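Multiple structures follow.
Each of the next two complexes has subunit A plus one other chain: subunit B in the first, subunit C in the second.
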Partner chain A sequence: MTLMQKFLGTAGALVLSAGAALAEPAVIYDLGGKFDKSFNESSYMGAQRWADETGEEFAEVELQSDAQREQFLRSFADKGMNPIVMAGFSFATALDIVAPDFPDTKFVIIDGVVDQPNVKSVIFSEQEGSYLVGVMAAMAATGDTVSFVGGMDIPSIHKFACGYAEGFKSVKPDGKVIVNMTGTTPTAWNDPVKGGELTKAQKADGSEVVFAAAGGTGIGVLQTAADEGMLAIGVDSNQNYMQPGTMLTSMVKRVDNVVYDAFTAGTDVEPGLIVLGLGEDGVSAAMDDYNADLVTPEMMAAVEDAKAKIIAGEIVVHDYTTDVSCPAY
Partner chain B sequence: MDYLTILQILDSTVRLATPLLLTCLAGLFSERAGIVDIGLEGKLLGAAFLAGAVAYVTGNIWLGTLAGIGASVLLSLLHGVASITFRGDQLISGVAINFLAAGLTVVIGQAWFKLGGRTPSLPREARFGDITLPFADQIADVPLIGPLYAELLSGHTALTYVALAAVPLSWWVLYRTRFGLRLRAVGENPGAVDTAGISVVKLRYQAILIAGVLCGLGGSFLASLAAGFVKDMSAGRGYIALAALIFAKWKPYPALGATLLFGLLEAIGNRYQSIKLGDITIPVQLMQALPYILTVVILAGFIGKAIPPRAGGQAYVKER
Partner chain C sequence: MSKMPKWADTILIPLFSILLAFFFSGLVIFAIGKDPFNAIMVMIDGAFGSTGGLGYTLYYATNFIFTGLSVAVAYHAGLFNIGSEGQAMLGGLGVALVCLFIPFGHWTIALPVAVIGAALFGGLWALIPAYLQAKRGSHIVITTIMFNFIASALIGYLLTRVLKVPGAMSSETARFPESTHLPTFHEMLAPLGIMFNKNAPANLAFVVALVACVFFWWLIWRTRLGYQIRAYGQSESAAKYAGISPSRIIIITMMISGALAGLMAINNVMGEAERLIDNAVEGAGFIGIAVALMGRNHPVGIILASILFGFLYQGGAELALWEGIPRELVVVIQALVILFTGALDNMVRMPLERLFVALKRKEG
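Right, the complex of A and B next:
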């Protein structure tokens, strides 16, 4: 009888500990929504890849308003979800408040930095990926002008523009990069009409390739580029399929890999700050069937060469956010 | 700045002014009948959404436009029920429509297409094509007039020409028809109209229906131009149109001028993000803010006194 009790007790403890060790991971999507063809969809793909490979399940939720950030973080942590992954710098404030209350839960924030002992912050070196697409733009353009359409006029978008300009000028030092920002308010992320007009104006000024880092505004940019016979470069996730034939490439951030890795590590996620650049395959220039006809072997060689030099540290791409200025403008 | 650049900027001006003009005329009809219409922004957005969605599903932009008009008219009727039939506050009802449109478009769009509130991109055949006016290609080489005709006047979508035609048509309806006279009267002195045995309520409903149709055209234009719907894509154009309406002192031809001016400022801001004047560089932020600065200046009354229709904003209560 006592033996039986002991046995049961141990089994019970085992079940409990197994439950704790196999805590369900969770992902919280930002306001753009799970299927935004960009950032959030990328995190979903990573989570789904993990689920397909392991046969495990994960919890997920889509934010409907800013006010829900803290609420969902708390409720997931309360339910024992671990680790909890979120994509978007907007989570930083809420996470900074919630993380200390759940010291045993691991949090992963992508694109933002939160300095707490149980938080892993992952940021990307967008300037390095932008440098590569800048090199490609320079080689694809017959003339010496290319352009950039940003969303809101903030340093983290200039980070893309600056890397792009540096990459372009490494090939065509005397060329011109037209850098336009759509606006200074959040409506700048969702104004495809204005994005289109900016693109038309850039074409009129001689631009042949346009790089859009502008959220929903970018859809108008890619569309107008296709209408006007320009080449376009997408951003965040691989957008090459959106306008086949005129999409030179996309500057991809591998958000999916971060989510996948975090889910794989489970509760053993290492807290701290991680910067993902070309060396870590965190950013890249997308190559697929949609742009195969536009990418020449010379372009591939130049991109590979630049990539190797950046990884080796021979080329240091300027990070706009460090000093809010760009040597290549 | 050469001739071709000027033409390109003016061409862009016409494109940017088209939705503003349609929306402004919508506001004109509504406000001339005494219904303050701050919900223009929401109607524009709702129309853009349904136009984009239906154009994608059917592959036909004209069906999309019909749907866009439907969405806008429906929101107009809501405004009418709240503020005409139930005599609610017109401003509050209008603001509610803006919120409703901003929320509903994303929720329905997400449930429908699962793209985070976006519609899929419209293929070329599901958008308005550019209409080349007769002989545009033949006379394109004629100096001065050729490029003017080929670049600026020709090559716009059908709705741009509809919008331009709507200006004299609105003027004719408002100032040369019995309906127009009554419409203007109902915005100035509904009591007098009622005494003459004409239904104030019916006239006001007719006015907001016209506003709904015009706004629907504006929204459909946006959806076609951007090849689909993106959340909040009206981006404040409804409010700018409202400002243009005040600037135009509630008259059709000045409305054309006002919206073209706003379009021109935005086009210049897009083309020249920073302008150098001697040693001083005007920063891009100022260029982008110009339409808004202008709005504030106008609203502060610098263009002379803009007198709104006298009965604007007041629900009509029949004397008992």
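Right, the complex of A and C next:
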């Protein structure tokens, strides 16, 4: 055997073993970062739960720039990662281009819709969960004003606000919901100071309960609510623990379950579109030890009642994104 | 300056600075429990080891060449333009409007018009701070940095309210028509028999950047205007005495600077994304400051510094992908390079100067 042959043989073996070792699932976090206390963190929790239970490994990466969406999708797919999960509608354009090039790789996109034969799109009925926390806000408030702080001014955030307003008005039809958005650029997702200022302004206008659907900005909202003696509602992950005593509840989106299920299914992920609402336990109002003192039995009953009616179809919560308008504003 | 030969000033100092930066980056990587030598190999291999990686490196470098030239031209007039970020954003708007609303049959027609659109929008965005500096004495550093925020808010507004595809979630414009897509390196090199990765984003804009470098050199060192710019940058009073109008130089230089920054959009908006997205510049305007500093405000230096930063971006992405090194640490490494090449310039310069003085004495 010549040296060259030996070398080639070793290289070949290396390539083979590398390929086999890397047949694992992967998750890509959006620009907000892995530990954003919101949906990226939620997808990390789901992936980690899968890893803890199975003892296997997964690949992960955080985006630094928009140009990397396509790059990272391709890099992972090239290395044989399967399935590849990503959270965030911003991936839709890149995935639509990449997916056809890797017909044997399964992709899962959360919060976005991509119509390709190897892509599973998962979206949540956030308006339904928001309706429930709206009901709770209305019952917790002594007066008739509550408020909402959104992150970036986009239809998907109005979807939360509108459901919240509808839920509130189902209890207090003449009440007022103050809706504020933090900004129009992505920095609105990470501006806790401005979130706090908006909350103070809302308090001055009479708001007693504030619902934050604003990513990192929400941390400032929850903090200010605690300082100002208001009640606050968290979003995406269960944020009740962040300000115990003033957290009424959190509107939880089970992004973690989607990632966990996708990793568990592995290469058998079913492509297509699924919508997760109250009926599928995709969204919910979080109840735990941290908010037990604030949730009255009547509130609990009202939430269960509204939930049952929404699942049965007796109440249809308006989806803002369908017509970009909200009857409850 | 006379203490050292020119080659030492332009080559040795940046080289030593980079080596120092990498040494300390290595320490940081070692401190988080990873192998620094392996990390540097991953970075080099990821950035230059394949045409795919090289395509990304050159794509980022193209952005930095434009913003680096933008900062450098203002610097020659003694103006510190830190508004390249905002000017590049507005350039993106110019490109988007041209590509979306003017029907072109072929990219060869679209490109020159888009170049004009990008340069015009970037230049006009720089005109306002320039006017305020020239006629009202508002400091250019303050106004240009403020204009970055205004640009960001303006683009955000337009993308969420005016230019957005109705019903879409992302704040971005529609995709530009097929006929405005610039050829990528893959398409450019395939006829020559060179197989370049077809997914890499490097595109014809790299050539536009090189043309801009030649233009820059010609403008600064071969024209009357360039002479006036440099004269004004060296000494305002001397320039005035020679009959050079300061306000004219400020306004013209800043508009050229803004136009060069705006041209970055040919690469990232027209060449890569093929649509205008929010925050498309992603800090390249600020990297341009480091690039201009490191490149000694000369086109050749700017090209080399841009490739270095392109390497850091692409190599950093590979580190995040395969080594599990968090992206924050990649930013630390980039910051160390900026720190050593920009802020701590004298740390390397002084001992080197002493060394050269000692050597001279020996010869003497």
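In this section, the second predicted complex is superposed on the first by the 306 of 329 C-alpha atoms of A that agree within 3 Å, B and C clash if a C-alpha of one lies under 4 Å from a C-alpha of the other, contacts with A are read in each partner's own complex, and residues count from 1 in each chain.
Criterion: a residue touches a chain if its C-beta (ideal position, glycine included) is under 8 Å from a C-beta of that chain, and two chains touch if they have at least 3 such contacts.
Note that the structure is a prediction, hence the values are computed from the model and not measured.
Shared-chain residue A:176: touches no atom of subunit B or subunit C. When both complexes are overlaid on chain A, the residue A:154 reaches subunit C alone and has no touch with subunit B. By the touch criterion defined above, A:67 lies against subunit C but remains apart from subunit B after alignment on the C-alpha atoms of chain A. By the touch criterion stated above, A:92 is placed in contact with subunit C alone, subunit B being left untouched.
In the superposed model, A:309 lies in contact with neither subunit B nor subunit C.
In the superposition on chain A, A:220 makes contact with subunit B only, while subunit C stays out of contact range. After overlaying the two complexes on the shared chain, residue contacts for A:49 are found with neither subunit B nor subunit C.
In the superposition on chain A, contact of A:184 is made with both subunit B and subunit C. Residues common to the contacts of subunit A with subunit B and with subunit C across the two structures: 33, 153, 183-184, 187.
Interface residues of subunit A, counted against subunit B in their complex, comprise 32-37, 40, 153, 180-181, 183-184, 187, 190-198, 200-201, 204-205, 216-217, 219-220, 223, 227, 242-243.
Only residues 33, 60-68, 70-72, 74-76, 89-90, 92-93, 112, 152-156, 183-187, 321, 324 of subunit A touch subunit C when the two sit together in their complex. On the side of subunit B, the complex with subunit A involves touching residues 5, 8, 12, 15-16, 19, 110, 114-118, 121, 124, 222, 225-228, 230-233, 235-236, 266-267, 270-271, 273, 284-285, 288-289.
Interface residues of subunit C facing subunit A in the complex, by the touch rule stated above, are 56, 59, 152-153, 155-157, 160-161, 167, 169-172, 199, 201, 268, 272-273, 275, 277-280, 282, 313, 316-317, 320-321, 324, 326-327, 330-331.
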